[in-house]
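See the structures that follow.
After this come two complexes, each holding subunit A, first together with subunit B and then together with subunit C.
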Partner chain A sequence: MRNLLIWGLVAVGLVLLPHGLSFSQQEILVFLTINVLLVASYRLLTLTGEWSLGHVVIMGVGAYASALVSKKLGVYVPVAILFGGLMSALIATLLSFPLFRMKGFYFLIGSFAAGEIIRLLWKRFRDPFGGAKGLKSIDPMPDFSIGIYDFDFFEPVSYFYFCAVVVGFCLWILWRIEKSPVGLTFHAVHWQDKLAEASGVNLRAYRTLAFAVASGFAGISGALLAHYIGTINPNSFDIEVMVFVLTWAIVGGTATFYGPILGCIVLTILNEIVLREMGFEQLRPLIYGAILISSILFLPDGLESLVQKAVRTLKRGNRQRSAAK
Partner chain B sequence: MSDLLEIKDLTMQFGGLRAVDALNFKVKRGTIHGLIGPNGAGKTTTFNMISGFYKPTSGQVLLRGEDISGLKMHEVARRGVVRTFQHSTLFAELTVLENALIGTHMQFRPNIFAAIMGMDKIDRKAAHDHAIEALEFFGLEGLTEERAGDLSHGHQRALGMTVAYASHPDVMLLDEPFTGMNPEETRQMMGLMKKLCEKGITILIVEHDMQAIMGLCDNITCMSFGKFLAEGGPSEIRNHPAVIEAYLGGARHVA
Partner chain C sequence: MLDLVAQTSLNAIYAASYISLIAVGLVLIFGVMGVINFAHGELYMAGSYAVVAVYADWQMPFFVAVVAGMVFVGMLGLLMERGLFRPLRDNPLGGLVASIGFLMILQALATLGFGVRMEHIPPVTQEIISFSDKVRLPMSRLYVIVAAVVLLSALWYFLKRTRFGWALRASAQDPEAAELQGISIAQTARIAMFIGAGLAGIAGALTAPLVSVNPHMGHTVIVTAFIVIIVGGVGSLEGAVIASVVYAFVHTFVTTFFDGVVADITGLSLMLLVLIIKPTGLFGSADRA
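Moving on to the complex of A and B:
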């Protein structure tokens, strides 16, 4: 009952949120929502202990696939977005064959190389990928009305609502996966792969499963992005974006489900709103780097450890109060 | 009693070193079989080959007549041969209950779609009950929510056995289960192993604690420098001249 109330309040808050923001802030909010899905899907991959540098390119696979099928074949955009996700999962499954011969650091480098290969293919083949200039005038989400609200998808507010529903649903699925026996097996593969294998866990299959599912959701986030900005090119998905994803995950912490999401939200607000308003335009990457280093030094368990500490203190306070009574 | 596990001419070559050289022995169904030998005799290597951790250079491991050598570890496990590891190899970051739940992986294979739709409630309940039952068998039911890494040494060893036992094995391979245990803990663990054996689980055990081995095993295989040395019951092995020589060196002079 109480949970239902909290989620209701969150939903109302999300509905009201964009109306208190300026137009450019509303745009940032849309990107933030998409990035939340990206970083949450990245966490699913890190559950098995593997850190990939190709995640953003995989997101791009979803963006390109969705943009191409809607542009060339005229597929209805929501269906195209779903197709983008499936395509990413498929490509990830294929990539898993060479990549999962490696582990740890080697996997990291291998995933980077695989991502660059895909990116260079987009650059090289002007048909159908549009070469270095990428794809332009990608079909936007078609407008529709649900009676009380008319969705006009050139308005960031409308697109934010659409994204929030899609991302919310995807996060719910990711959460269900993590809290299931499948999620437990992912943890097992991470902490003691040999013991997991001795218990009959097929390590390759589970690593591939995590990689494919995480990539599928990254693909959906990429497709959402493509149909919003309307133009994508190979440089939209380069290593610089990947560094942002890594920073969000590291600053937020990866021990909990909400850690990376928290990192993404806090750093985006800091980067786009605080620093931009303060006029640090040129210095922003430098400050971003400084935040990453200082969070590794002073907050090695990420922002989530602060939340955990606060919750623990609150609980202790409650217990003492009830004991006093 | 029939042979459940047969080791045939098993050989492992590490570069120039022949760690295990044409080893032969048979493990009878429902017995506790010991594998002993001085340090470096190749016991753990043999273990690793049976469990699929290493691929043998040559030779065969036959389980119920089927050759399982060279299979991957999880494939060997799925055929009913489950191992424990030396030291306390556990999922240290997970709780005791979660450790046991991973042991039930083979019986209640998780399905990602059922998990998302919430259609695996029966399986989850059954896996949970099964894990609790395994924990009770090893006397860990009071510690389910503890982090496995925080347990005492004895409890960690017991949990390692629980993870293996929870997967309902036919054969359990125990790699030095008594290391670092005090005599009281050893005695308790021996009792539990006898109970496992009564449940029909065949046990193959590598151990240095001679008292435990002699008190526990129906059959003992002794190896030295990778080669088969002797086989027999505890009393035979204890008085076998070749075994005494291998352990003490130049037993002739002692005699």
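Moving on to the complex of A and C:
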């Protein structure tokens, strides 16, 4: 009952949230929502212990696939977005055959190489990928009405509601996966790989599963992005974007489900709202780099460790208070 | 046709020279520190900007600018060792992430100091060596080739024939055993970082008049360096040099006969192929240098 109340309040808060913001802040809110899904899906991948540098390109696969089927074949946009996710999962499954022969640093570099090859293929083949200029005038989400609210998807507020529902649903699935026996096996594959293998766990299959599922959700986030901004090109998914995703995950911490999401939200607010409005445009990469370095030096367990500490302190306080009674 | 092949080969030798300087530095740092330095491309960029400042802006001789570039970038290497890699010794992923942060800072500083526009530097020399009508080698490219040969030979002598080099290799192989023998790990780490970063700085300084200097020039360089060290075997200095030559020839010839994007795809595919078939590289063992 209490949980229901909390989630109800969160939902009401999210519905009201965009109305207190300026137009450009509403746009940032849409990107933030999409990035939350991206970074949450990245965490599923890191659960099995592998750090990929190709995740943003996989996101791009979803964006390109969804944009192309809606543009060339006239597929209904929500179906196209779903198709984008499936395409990303499929490409990831194919890539897993060469990539999962590698571990650790080699996987990192291998995933980077695979991602760059895909990006260069988009650049090289003007048909159908549009070359270096990419795809333009991608079909937007068609408007519709649910009686009390008319969705006009050129409005960031409408698209934010749409994204929030899609992303919320995806996050719920990701959460369910993590708490299921499959998710526990992912943990085992990372921390106790020998023991897991000895207990009959097929390591390769579970790593592939995590990779494919994480990529599928990244693909959906890419498709959501493509149909909102309407134009994508190979540089929208380059290594610099990947560095941002990595920063969110590292600064937030990857031990908990909410860690990377927290990192993404805090850094986006800091980056877009605080730094941009204070006029530090040119200094932003410098500050971002400094944040990355100081968090790895001084807060190696991420922002989530601060939250955990706060929760523990609160609980201890409560216990002491009830003991005093 | 023969002319074209000869000219392309000359271009490839030039490319191999500066690539091997960068890749050898990267391998050296990895060998001793156990960290993959993602900021290595930006160290190269810093070397180029040192030349922009000292040679183009302050009108000092080119040679002075190159030495200044090497020392400056070497100092940056020492800074990274002290500020990032030493505190993060027990955290290999941490060192890598910290170097990404450092890369962003260097890029931002270059943008702040010099702007995003490309810097064009007055040529050091206009001389061109002509072998025939169509086969020519600009003198400034020859400098790079000569510098690479001299520096890499000197490094080889230093590592294989001197006490310092012996200590350096020992601490790369087994830090604890080396420390028991009275070798200072911190000392060898500093030497390796200074040399490794300094080599990238020299490569940047020497090529500055030949390329367009901009804050993002490190990106292509680091990708190339990664391909080279993977193909050569992450721990092997000799492998890095051989792989630089192989990569430079493949990339230059494919660029000449097809186009640049196909050449990039070929290089990356080569790396993936090596990773799949023999992840320790063509010339490397699984251990560090």
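Operating definition for what follows: the second predicted complex is superposed on the first by the 325 of 325 C-alpha atoms of A that agree within 3 Å, B and C clash if a C-alpha of one lies under 4 Å from a C-alpha of the other, contacts with A are read in each partner's own complex, and residues count from 1 in each chain.
FYI, a contact is a pair of C-beta atoms (placed from the backbone, for glycine too) under 8 Å apart; a residue touches a chain by one contact, two chains touch by 3 or more.
Quick caveat: nothing in here was measured; it's all calculated off a predicted structure.
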Fit or clash - subunit C, subunit B, common subunit A: fit
First (subunit B), second (subunit C), both or neither touched by A:Arg276: neither
Contacts of A:Ile117 with subunit B and subunit C, given as first, second, both or neither: second
First, second, both or neither for A:Ser199, with subunit B first and subunit C second: first
Subunit A residues touched by each partner, larger count belonging to subunit B or subunit C: C
Apex subunit A: angle to the C-alpha centres of subunit B and subunit C, given in degrees as a multiple of 10: 80
Partner chain(s) touched by A:Ile239 [first = subunit B, second = subunit C, both, neither]: second
Partner chain(s) touched by A:Ile177 [first = subunit B, second = subunit C, both, neither]: first
Subunit B versus subunit C as contact partner of A:Val213, first or second or both or neither: first
Shortest CA-CA distance in Å separating subunit B from subunit C in the superposed model: 15
Subunit B and subunit C contact sites that coincide on subunit A, given as residue numbers: none
Subunit C - residues contacting subunit A, complex: 36, 84, 87-88, 91-94, 96-98, 100-105, 107-109, 111-112, 219, 223, 226-227, 230, 234, 261-262, 264-265, 268-269, 271-272, 275-276, 279
For the subunit A and subunit B complex, residues of the former touching the latter: 173, 176-177, 180-185, 187-188, 191-192, 194-203, 209, 213
Interfacial residue positions of subunit A with respect to subunit C in the complex: 51, 98, 101-102, 105-106, 108-110, 112-114, 116-117, 120-121, 123-124, 239, 243, 246-247, 250, 282-286, 288-293, 296-297, 300
Contact set on subunit B toward subunit A in their complex: 51, 53, 72-74, 77-78, 82-85, 89-94, 98, 101-103, 105-106, 108, 110-112, 115-116, 118, 120, 123-124, 127, 163-164, 167
